[in-house]
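First subunit A sits with subunit B, and in the next complex the same chain sits with subunit C.
Up next, the complex of A and B:
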């Protein structure tokens, strides 16, 4: 799962050289063997790839921005990965509230946080029924925007998102 | 003096001391008692003396039809300012009573109407009468003689807002027990409101266990008046269209739609079934030249499904008619009937609709004229566009059915539509296959707010084809011989459908549970009351 994600990210970043990855432990933590020794963990590897691609803006442009990006990356690996059905509801609910007035997770521009969160949330969003997608309308809007973001989707299937609200009265 | 004597005397002494104390106490007690009694007697005398209105209230003798009183009882709904200052009699229930010093306010209820009544100490009513009025148990039935008075300020809590009754006489005709199994206020509180205020709401099982009381709420009264309206409009419309009402047996020898979901009853030395629908009989009536028939009656389903929309016994409104060349003639006739019912409800039952929506808010029911008709394949396409994965000939699952309803509402703004041309494989054996595509059939469902209310089709009127279809469905030909034989002697092409009365009411009013529109619901877990 994480490995597919990493290769999609490589393609997205436009890296010519494709790295070889292995996993470690029961949680299948990705490992990258680099010239400076092994790199362990999704966020570490991803930050490395971003630097390789010379796209530092994806990690944030100011101190606050970097902190924000970092915060959502942390959220992705600690809250989203391996969450139960119940936890997923909380994640979607919180995120829906947070995204109410935002286009991207960290303010007004695309960052690595959006990419990794999109990859991480995909399995949750795929399972949502139409009325649930409408219920988490801000998440759905953000998700739909990201799945159409140039060269990001790659290994993932597209999710159908209705443009019109069909559950106006709120009950179904 | 011996030792024993000494002991005896001391014992005696102590005893007498104890005795003295006891005596004293008893005397005191007696005195108190006497005092109390004297006081009580005095009080009673007092009440008897003071109570100048003792003939104007009390518990009336049981009505055993001893006398024919020439007394007109006015209905609560007729209490309007035009009748002000008249002295009237009425019979109603005590909805609530609230005593406040020398006054007692009663809310008197009659069906879905109520009015405020006032018993006040004055020339006519004594203190005791007010006390009596205040102590009448809720839900007791009383006869009241009162003067109708206009009020300065509207009484918001009553339906008769511009008048109140000044009570002169009040008699209890039937006394309710002091403790009610549920409070009517709790049962009529709007959905969700109770949770916010932390006030009690009554859950459905409690309501149904005490259905007699629950049915007294204004909402229940309105629901079942509207339900009667649906039946009336159904009959009225179809009778105008030259339909004939028929009565069919409910104890039948063979299940009409496969044997899985029928109740078996023992029938002398053999067994019989309870009818799942009057299907076979209404078709036989068509073969017997009745041309257009309908029937209203109980229908039984032995499905062990505990959902918001399934009952094991419900009222079926069934239609069957012969047509000339195309079964759409039947669809048009049924949809027009439904539209007439919706219009009739909208125009004649507005009060009831409003009453129900106060407790269970919902959007008004929308429909188009002529009714929207979609083909099954179009429906499937709409669902696929919304991201649902399903095969061409799959039956609609309940969630998909509801979703399609939503999609249709969004696109066409209607809560009522027909889905035509169902896959043949998901319909009963007597369904006519589609001549242009044998995978589909000339059958249709009708939906209200995304839930199925009617299932119908053109029937096979050719005995040959009917036999083939029955064999295909692995039905024992012996058991349906009479049915197939009825088509051998000339049978006109015909079609029809069956509607669930409870579902129509539920969905028209936008309610969430079919038990709300069934007076005494029957489901796998409920056989009483």
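Up next, the complex of A and C:
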């Protein structure tokens, strides 16, 4: 899972060279072997890729912005990954409230936090029934925006979030 | 800027320290634990920082990093990696440890949980060149880790143990004024008590792993899986071991029969539960007993122990008699026929018995009768009368499942002799109203008959004494201990050992001359008699507890007979019998999330495995990979294909093949000279460590966990090749070429080690690898000697053989076809009666459901299964209702409805009814 995500991110960042990753431990923590030794952890590897691609703005443009990005990245790996059904509800509820007046997770522009949160939330959102999608309307709006963000989606299936009378399941 | 903290919340420690250290201007306010500061979070999250922009930071690490950056420190990637490690690896362990220490008072166990992360931290500190983690002075990483660990490390708790570097680092941090101020503010008072109100509010930590059901019971702590940093000393030690090469050790002598216990060696007697002769074993049976014991027997032989592995078919009993009547043969003929089927299946699975016998032999009679008389003489048998149903038409007593009648509790007319399918209550067969013989439909009569009972209460204290010793000294699996304890806790009752049957070991007592021994008394004696058929000197194994260690392998349902009942018989017989030292019981293996069922044709049975086209080694590998060690697991086709393609093909096979191919292609088939660099030594140390783990797990019969370490070794190897790229270096200058040589040489030696470690699991492949590498025989004994040592067994100049790929990809469509074939959807067009008639050992037919609708045979009904299905039907019904309520897509509803109908059909079958009635019922409703 994490590995697919990494390769999607590489494509998104337009990196020419595709890295080979391994994983360690039962939680399949991704590892990238680099010249400075192994880099361990999804966030570490992703931040590295962003720097490789010379897109530091994706990690935040000011101290505050960087802290925000950091926080939502951390939220993704600690709260979203591996969450139970009950925890998923809390995650969606909280994000829905948070995104009420926001377009992106951190600040006013797209960051790595949006990309990874989109990848991480995808399995949760796919399973939502239509009425639940309506319930978490802010998350859905943000999610739909992200899945149409240029070159981001890659390995994931599009989720239909249209709110009209024809009810369509999210699975394709 | 405003920082909200709460007293006794360990996460607040680091942020307060960070404020003190960075001197960032910030108003700190102490609030209640439950105060919701961050408006959009439904659970209270403290510490929280209200930013000048009005936004909130609620992650303690983000706050710390923000504070440090505000004070002018530069962010760097190393900091990110440490902070990620802290949140994803250390914090989950800390939370669990806090729970244990603060709420359960288990301080020692709590510190055990922390050993992994602490050891990692210690190694990083010892390798680093600066006194702090990332630089000379205290950085955000130091503050964050100090704050996290403070509750455990502050009063030189046992957790610190031998981690010297951590200790020095921690003391330095604790000396910082900022840290001391933070402790005063956040954790006033002593010890962990102050954390109690906080910990109580945290959700109980899900024990270590999340979500992944397959990887639950590995005792190797997660920390061992985390980056293991190798120290200088380890590297040098590994290089030294490596340089020793093969000792002139003699290959363990070829097996020469009969194998007998020898003075001065470890003598292991292995048994696996005797499979019942007229069932074709399914995969669960195979992994539960014979395959597990086979792996351990092979491993024991590699270790140089003196191993005898015996097994055989259990052949006496009603079911055999009945099958014989069905097929028009004598019971003995039936046994002969099916014994051969069993033997063939196990030989296909490469189960290497030293002897595969059977229970219907004169030796069985002799030994069983001897034990019987000894028990009788010593007063351990009781006499009692039992009322039983007897069918005059069939001229025999009716076993519980051969009689049907009205339930005495609910009057359901088709209750069976032991249990009512309608009300589920247990029934004593003589209480049935209007009982009928299921074979001839005549009314049986009640007849009382005298029987003998083993006086278990009288043997109980002796048994308990022995059990205390055996379970403490031996390797009993937890389930074996627990099942045994629960039997003893409920108190033992006398158990009937005789039956009114013909097909069994005759009871020699003149008062009981038309009776035979009950199978539970008789069958375990089969282990002894089978050994006696193997060698006349069987008593050297079975009456020799001083020299022999006995291992019993079985699935958990068999535990009480091996831990309580059989040992009682042997103890009562007082003949210095060898009693079980190590009882190894597996949990159940399910089939694609349901049970194996012969009657419904669900699952793969031993005789069909070879017709799947999947090699025996792959079957072995996968079954051992999902061995239900510690908890139930499931066989899944998709998972088997995945594991074959990812682990066997891409990981193991790929590594071994590449190592061999490099030698062939780049070095004319001769192992090149090797000049070890630090990087190579690190690898040797890693591989050596995995090898030692493998040995210590296998010594304890943790077969599945052992396999994981083998796969880790080839993973290390693949990574090593990937980084060093010998295929590129070989085209370079002299130095590069030499590097390519070293990497190739080390890799091919790892391949040789793998061939040894794999032998117990996949013997054919192991042999192939050794042939391909032309590996010297002595490599086995050298590398698996004592704690295990990874030596250079293929030195420079060694000529290898022809290398070729070891495994093949399992294609998705092939697997899909197999899944369908064994999925248990019964072909509707085949008349059920026909199916019942051809219960033959050949593959295609054995797959067919047995005797579901045929009134003469009862084996189709399965109350346990029915109960489960009833539950499943109810749940599925709810699901469908919910879907309909949601007006879900029609296709989705239809899909779930079909599942429901299928479940209902299965339920009907499990209840022993014909599958049809569901449809008309539905019609009536409308």
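The rule is short, and it goes like this: the second predicted complex is superposed on the first by the 162 of 172 C-alpha atoms of A that agree within 3 Å, B and C clash if a C-alpha of one lies under 4 Å from a C-alpha of the other, contacts with A are read in each partner's own complex, and residues count from 1 in each chain.
The working rule: a contact is a pair of C-beta atoms (placed from the backbone, for glycine too) under 8 Å apart; a residue touches a chain by one contact, two chains touch by 3 or more.
These numbers come from a predicted model, not from an experiment.
Quick one: classify A:63 as touching subunit B (first), subunit C (second), both or neither.
Touch partner of A:63: subunit C, not subunit B.
With both complexes overlaid on chain A, does A:157 touch subunit B (first), subunit C (second), both or neither?
Neither partner.
In the three-chain superposition, say which chain, subunit B or subunit C, touches more residues of subunit A.
Touching more of subunit A: C.
Quick check on the superposed pair: does A:129 touch subunit B, subunit C, both, or neither? Answer first, second, both or neither.
both
Tell me which partner A:38 touches in the superposition: subunit B (first), subunit C (second), both or neither.
Touch status of A:38: second partner only.
Do any residues of subunit A touch both subunit B and subunit C, and if so, which are they?
129-131, 167, 169
Would you tell me which residues of subunit A are touching subunit B in their complex?
It is residues 129-131, 159-162, 164-167, 169, 171-172 of subunit A that touch subunit B.
Can you tell me which positions in subunit C touch subunit A when the two form their complex?
Answer in residue numbers: 39-43, 51-53, 55, 57-59, 61-63, 65-66, 69-70, 75, 77, 80-81, 83-85, 87-88, 91, 209-212, 215, 218, 222, 225-227, 715, 719, 722-723, 886-889, 892.
Subunit C touches which residues of subunit A in the complex?
Its residues touching subunit C are 20, 22, 24-27, 29, 31, 33, 38-44, 47-48, 51, 63-64, 66-68, 70-71, 74-75, 77-78, 82, 90, 93-94, 97-98, 100, 129-131, 167-169.
Once bound in the complex, which stretches of subunit B touch subunit A?
362-363, 385-388, 399, 402-403, 406-407, 409-410, 512
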